[in-house]
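Listed below are the structures to be examined.
Both complexes shown next keep chain A, but they swap its partner, so chain B is in the first and chain C is in the second.
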Partner chain A sequence: MTSPSPHSEKSVLLSVRDLSKSFGGVKAVTGVSFDVREGELLGIIGPNGSGKTTLVNLITGFITPDSGEVVYRGRNITGLMPYRIARLGIARTFQMVRPFTALAAFKNLIVPLFSPRVKSLSGGRYGDRDAVAKDLLEEVGFERESSVTYKPAGSLPHGYLKRLELAKCLALRADLIILDELFSGLSIAELASIVPVIEKLVVEGKTVIMIEHRLRELFRIANRVVVLNFGTVIAEGIPSEVMQKDEVKQAYLGSED
Partner chain B sequence: MLEVTLIYGFINSVILALIALGFSLTFSISGVSNFAYGALFILAGYMVWIFVNLLSIPFAVAAILSVLLTALLGAGLYRFVLLRLRGLVISEVIATFGVGLAILEFFRYLGWTGFEYTLPVFTDGSVMIGNTYIDHQRLWIVGAGTSLAVGLYLFTHYTKVGLAFRGIAQDERTALTLGVNTDRIAGISVAFGAGLAATAAILILPRGTIAVNEGYDVLVNALAVCIIGGLGSTAGVVAASFMLGYAQMFTDSYLGPHWKMIVPLIAILLILAVRPSGLFGKQKELEERI
Partner chain C sequence: MTTKKRKERLDRGIKVRSDDIFALTSYREMLYVAVPSVLPVAVLLILPLILPTYWQKVLISTSVFAILAMSWDFLVSVGMVSLGQALFFGVGGYLAGVLDHHLHLPIWLTIPLATVLGGGLCTVCLVPVLRLRGIYFAMVTLVLPLMIERIIEATGFLGGTEGLTGLKPFPSIYAELYLIVAAMLLVLFAVRRMMSTDYGLVLRAIQENDRSVMSGGINIYYLKAQALFLGGCACSFCGAFMTHVYMFVGMPAFALDYSILPIASAVVGGMGTFAGSTLGAFILVPLSEALRGIGGLRTVIYALSLTVFIVALPEGVFHYIQRKYKQFERWVEVER
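Right, the complex of A and B next:
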């Protein structure tokens, strides 16, 4: 499959092949295939209930597919435990934020900073984890030495919790970061500060998949989008072209049949 | 009489805390309620007894060996029984209680009761505080119990590994996405709790004989302390131990020893009626309960 993306010459990092999953009689995802190339920002969009979050859960090992496979760096990772997939360098955020509520914001990053992945990548030398954690929080937009850094994560405002989710992916030193509706519930101002963080990640060579409902903001930064509807891929391509397709318009605006 | 009650109340409280710490630790890290806890306590006692009396191993070595073996057994309990049941709380309770029953009733079947089944005290002798005699073993209990409680609190609140454990306890799914093998951590938590049960046994059992029934009492007391204090809270364990410890000792002194047994049960009923999450437990948000 050729794509007009400027990144098309790069190698494929993640390949989803003919993935299907039903819950009882409901087909959540049916025969979904797409590739993610190294260093690209891929958006996955679609109406509510189109299977986006199920797809994320299938890729990250929280759900085992009925058929099909997920290949990461040429290795079949279908059915691996979530922690194994994380250790390979695939990080994700949750649509509903899931911080370690009783720990201070920066202490939330202690867990990923202790992971075997970070240990092996840093050759066993990571210096002071607290300092690294605070640096990471600053990177995602926590003001340096602000009191929020030290507050229990359970008491943080929504905008900070979303950034904390992103910081956890950074702490894990993931190569592929899957953001499940990171933008939801953020104000315009908060968006304006978090979008550059994501752009910077891509510039630094990370690969990002964004599940998003806020299309305007997504289209500004995405190289390519995949459109899901009723668990199948109905369109794929660069943002401006994809939205012109009839199937997509129909999926979003609703059909009369 | 008041002085004796106050001093022995204090010792009784530390004993309760010592008994409950392991149960609470396991639960706070992995959410597993280990109902084989009392059985592991007694098993550790018999293990030391076997090592010392049948294998002629020095007491200190036997003690360390039994703590390690009991911890290993806890890890095995997780690996071969609990792993398949994770998340099915009722099944976890039934399975661990069943294992506990099997262990305790096995020793009852062997008929290992009587005065020869005792563990040696650490040091012999006693001291006077005011007009009250206290034997050395009770001082050991107070010293070890306090340092264990303080040590555990410091570990889970101030060391990075301890904080990581607490983090994992708060959201296993998030921990999984961050590369944590939560099954392994849960296995470690059960092993840790079992090791603490063995430690408590080695400290506490020398006060009397090793009795199968005490295994059940240990479980009831650990449960009472954890329910009153709020499951999984070290501070709650300490506070609840002192409330229950003194309540038991005052009942013993002023109402009669036979009333002592019902104190933890009444306390459980009271706390469940008034504040089901315990003193230090988090009251669940309404939306989570429905």
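Right, the complex of A and C next:
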């Protein structure tokens, strides 16, 4: 890699092929296909109920698709258990943040740090998990040695809970990080501190998929966006072009934030 | 302006292990920290020597129920609500019976073997339903022991309704007493220690949010199976132990009592600390024995006192005592 190559030349990390899932009569996701290239920051947008979270659940194994497949690094991972997919290096956050309330904030990270993936990546040893956890919290914007690090996660303000979710992905040392509405409910100041963390991830070579409603903030950092509506892809491309398309304008009509 | 008095509560703030400081400054503080664990242990070691025979028997069954309650409490804290501690208990009991009756093994082999095999057998039985959550898992555990009981009755398998009799006794009642008290203390301290390690922390996290644990790359089914094995071993030990105490094992080993009383103990004593479930057993089992004399109304009074405990101290007796012990109260003047 001597010269900076355009994204199209980088290898495909994750490939979603013709994925469908319905709940009873509700077709949550229908025939969705797209590729994510290594080192890319892909945005997935769409109105409420358009199937974004379902898509995340399908990729990470929390739901098995009715048809279609998910291929990661050339390997078909459809139907694998969520923990297996996580061990392959796909981490996710949950739209509904539910931390381990009774545990101190940094102790929440012990869970991913306890996984075999972390052990094998650090040469067969787990090391001092508490110290690693505190470092990770600092990375996502917990002030070093501040009391929030030690507070029970149940008592943390929303902004910190979101950062804690992100830190869990970092703890797993994932290669692909899927963030389900990480920005929702964050103040402008909190956004300003968390956006650089995500940009840094991409610089470090991680691949990121961001589900977002906060379009302005997303478009500033995303390389490419996929637009969902009623469970199907209605547009795909670079942010500024996608928003010019009529279908997208229509889908967002009235639900623009 | 009137001066009134108001009760003020303060935390004593003495901790042995905290996240980063370790500080015990005086003899008094050391006493303060040591008393809650040393005193009950001392009492439990002396009790077998001073109790009359009848209450020695009560101490034995109390300790057994304390272990069953801790096991239940442990499984709950890993997200598995069991309504069938009788399954683990009965399997352990019958295994010890079979090992003694058919293989003529000595008592110091039947009990450890029944403990481990019982834990393993129950885990194997329940692994297929580990994916069921909440009430579904609970229903399966409730039904299994009842089912086994009926199978034994119908087929005459394992001695049928007669059970297995003439099994080897313990050398003396003191051997029984000290073995079960020691086992109870071992379970209590071991499980408390384990739950404070990272392993225990991950186990507890499963109960709170299993999806989040899975997305951390952790095989929750494997961990739940491990927890089931540990909890099952503790109960199977009790079953095997009681088989040799009674020198008999029969269908009553799968009785509903062994499922329900541990839950009541954990709820009355307070869940999540294991000391609470132990304390609960030490309240309920002797209470139930003391009420034995009054005949028909026993169950009514028992149920009423259970309700009173739960309504008055919903957090559990242990949590209440612990809170009081860690606070001191004083009267302060309030200006109005």
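We take it that the second predicted complex is superposed on the first by the 246 of 257 C-alpha atoms of A that agree within 3 Å, B and C clash if a C-alpha of one lies under 4 Å from a C-alpha of the other, contacts with A are read in each partner's own complex, and residues count from 1 in each chain.
The working rule: a contact is a pair of C-beta atoms (placed from the backbone, for glycine too) under 8 Å apart; a residue touches a chain by one contact, two chains touch by 3 or more.
The shown structure was predicted, so the numbers you read here are calculated from the model rather than taken from an experiment.
With both complexes brought onto chain A, simultaneous placement of chain B and chain C is prevented by a clash.
Legend: residue contacts after superposition of the two complexes on their common chain; A:150 is shown touching chain C, with no touch to chain B.
With both structures placed on the common chain, the touch criterion links A:101 to chain B and to chain C. Within the superposed three-chain model, A:221 lies out of touch with both chain B and chain C [touch as defined at top]. In the superposition on chain A, A:110 makes contact with both chain B and chain C.
In the superposition on chain A, A:191 contacts neither chain B nor chain C.
Residues 60, 62, 81-83, 86-87, 91-92, 94, 98-103, 107, 110-112, 114-117, 129, 168, 171-172 of chain A contact both chain B in one complex and chain C in the other. The touching residues of chain A, when paired with chain C in their complex, are 60, 62, 81-83, 86-87, 91-92, 94, 98-104, 107, 110-112, 114-118, 129, 150, 168, 171-172. Put simply, chain B touches chain A in their complex at residues 160-161, 163-164, 166-168, 170-171, 173-182. Of all residues in chain C, those touching chain A in their complex are 19, 198-199, 201-202, 204-205, 208-209, 211-220.
Listing the residues of chain A that touch chain B in their complex gives 60, 62, 81-83, 86-87, 91-92, 94, 98-103, 107-108, 110-112, 114-117, 129-130, 168, 171-172.
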